[in-house]
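As written, the chains take the letters A, B and C, and residue 1 is the first residue of each chain.
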Amino acid sequence: MTADEILAKLQASFPGLVKSEAPVKEYPTWTVPAESVRVVFERLRSKFSFDYLDVVTATDWSGPINPKGYPQSPAVAAGAAAAPSATAKDIFEVVYLVTALSTGMRLCLRCEIPRKEGASVPSLYGIFMAADWQEREVYDMFGIHFEGHPNLKRILTMETQQGYPLRKDYEHLPDKFD
Amino acid sequence: MTKETPTAIKADQMFINFGPQHPSTHGVLRIALTVEGEVVIKGDPDVGFLHRGMEKLFEARTYSQGLILTDRLDYISATHNNLGYCLAVEKLAGIQAPLRAQYIRVLASELNRIASHLVFFGTFAVDMGAFTPFLYAFREREMIMDLFEMLCGGRLLHSYVRVGGVSADLPAGWTEKCREFLKFFKPMLKDYDTLLSGNPIFRSRTGGVGVISADRAVSWGLSGPVLRASGVNYDVRKADPYCVYAKMNFTVPLGKNGDCFDRYYCRMLEMGQSVEIAFQCLDALAGAELTPGEVMAKGVSKMLKAPAGQAYAHMEASRGDLGFFAVSDGGLNPYRMHVRGPSFINVAILQEILVGCKIADVVAILGSLDIVLGEVDR
Amino acid sequence: MGIVLDNLSKIESLPGGGLALATSDSLINWARTSSVWPLTFGLACCAIEMMAAYASRFDFERMGVFPRPTPRQADVMFVAGTVSKKMADPIIRIYKQMPEPKFVIAMGGCANCGGPFYDSYAVVKGVDRIIPVDVYLPGCPPRPEALMYAVIKLQEKMRKMTVKGGLGATPLQAAGSRKLI
């Protein structure tokens, strides 16, 4: 079964699920609305044997990096952080990569959510255990909440960390070590 | 350090703080253990003690500057990280590395795989109380370090694989040295078996300990030898071949029980396969169809500008499925670079498999996962 | 005895040995320099080169450098790798657990000044911001030979120590830097 056939079957139940305009290279890429993330993955796992969750990550599309996010001025190439890029949008994009180990088919699913405090998507905890720490990492780095995750707390940074480092507007506040 | 005190601890239970400074945590991992006598009730891994904010730093570096950060992710197998990064950037920018460079990449990454598994072999044995294998493993590892030093000048962190190819062609006399080493190393694998694999103490400390079933391994997203020891046949080199792995003739060793011993033995068998692949690469490199010196794609500038888009490339590193998710907005820097560190995902399963094991087995289980904290914390 | 001391003078031969005179400084410093016991404590990449230094080819033990797994038995701490902010407090704690006199070798660019992570929000730019450092060893990572050279430099420093200087600390150490933490 090709990715398009799976998409057609899923679209019958989830009309919000569409093909992405700018796909991840060499991956069938779909955009999924936030509210149906969990059910779509449940269906993909149970009906289409997508049993291996590769990656959960996110991108902040709000524009170029903020040099204040670095304690010392970073080695940004000249002109890189100047003008806001044409791609700037006020959204977080949560990216999932999933594989069916039996067939070797790979999929990329994207979920665009408005960029605000307390932005949230449903957690995949329980469907894929691999989501456990990866979602905690995304929460740590972007402050995106995963509803239904039983242990959503910071994982890599300190508890005293201010702000979410991978957000483009992150500003580093000097602490006792700087 | 987290100052959490266990709240729901009963009178006959005890809280043990394992790490971050502990010789057998292989770096700076901390595990908060709750034990009842000898039995672990709860094990909660605490990571981030080596968090260096690399994904943020990638956004402030050009593509070629970012390469040196990848060395420091999984520092025991630096070439794999370089290769994974370059594959992602090349996919993003639409660059194709010359065939000769691809053979050299495969050769270098298999040598690095041997070096990495040797570190595992040595340190795992030390964890189990045997010191001698460490000395043997590092003796052979130094020979590989010498080979890398000839290649690129670096012992541990290579930055040999570059975007578009490799930094230089093989130096004169290198292939002979490499063959010499591989011929020396192949029989050594049998020696390791006699030294450690058959040792009754080692067998009883690793056999049946920390068993991971196949479906749990898949659900937790494990990869590499940890996944294959549970009998799941998933190796990126076979499942999604990159470089010239499709032309290579090798088998993927699989385990049956998914215990610590199988994880150990999978790696030992993998080293044998790496030797085979390295020989095939050396034969191909000696062939006439690959022009010497042609190891860099044409027109790859140091100030590389990738067109706007997203790409994900993954490869089989020593510890598993290493992936780089690169996003470009058309500028000089990656807009976003995410690293799927196999160690990060492999170590998460500790919270499940530590429950119910004996406290002495914690070291065995942790050692058999073979994590590198640089990649866990990034 | 196979001891070679700088200012040892043999004054009388006796049956089964001899009578020798030495200053307590040179005797203590001889003992101290020939048993530099480091803590088995690796942070990042440099720890692998540190392991290589203990292993077959380089054999650190012939210099009396023998790794100890607990800070209570260690004389010197090799800060081998990047010091993250999360790890800073444990490092200070480990340092405080070591008995005096204690020494620190900052191994590699990260421990010296932050190295390639100089602009990271999560990295302490040099371990000397949290604990006093005796020898700075550049490199990313330094080779095992370089680590040996750092230990030789540390031994040179140790030879200059006197019993009068408090717990064996050099005047500079006794004066200040230790109070920083």
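We adopt the following convention: contacts are C-beta pairs under 8 Å (C-beta built on N, C-alpha and C of every residue); 3 or more make two chains touch, one makes a residue touch a chain.
Keep in mind the model is a prediction, meaning the values are calculated, not measured.
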Between A-C and B-C, which chain pair is linked by more C-beta pairs in contact? B-C
Considering only mean CA positions as chain centres, point out the chain farthest from subunit B. C
Taking the mean of the CA coordinates per chain, how far is subunit A from subunit B in Å? 24
Expressed in whole Å, how far the mean CA point of subunit A lies from that of subunit C is 45
Whole-Å distance, subunit B centre to subunit C centre, using C-alpha means? 31
Quick one: which residues in subunit B touch 2 or more of the other chains? 48, 51, 53, 56-57, 60, 377
Which residues of subunit C are in contact with two or more other chains? 86, 119-122
Among all residues of subunit A, which ones touch two or more of the remaining chains? 69-70, 74-75, 156-158, 165, 170
Could you please specify the touching residues of subunit B with respect to subunit A in the complex? 2, 47-48, 51, 53, 55-57, 59-62, 65, 91-92, 216, 218-221, 232, 234, 239-240, 303, 308-312, 314, 321, 323, 325, 327, 329-333, 335-336, 338, 340, 344-345, 348-349, 352, 377-378
Given the complex, residues on subunit B that touch subunit C span 1, 20-23, 27-28, 48-54, 56-57, 60, 68-69, 71-72, 75-76, 119, 122-123, 134-139, 141-142, 145, 155-157, 373-374, 377
In their complex, what parts of subunit C are in touch with subunit A? 85-86, 88, 118-122, 124-125, 129-130
Using the touch definition up top, name the residues of subunit A that touch subunit C in the complex. 69-75, 156-158, 165, 170, 172, 175, 177-178
So in the complex, which bits of subunit C are touching subunit B? 39-45, 47-49, 51-52, 55-57, 69, 71, 81-82, 84, 86-87, 89-90, 93-94, 116-117, 119-123, 140-141, 143
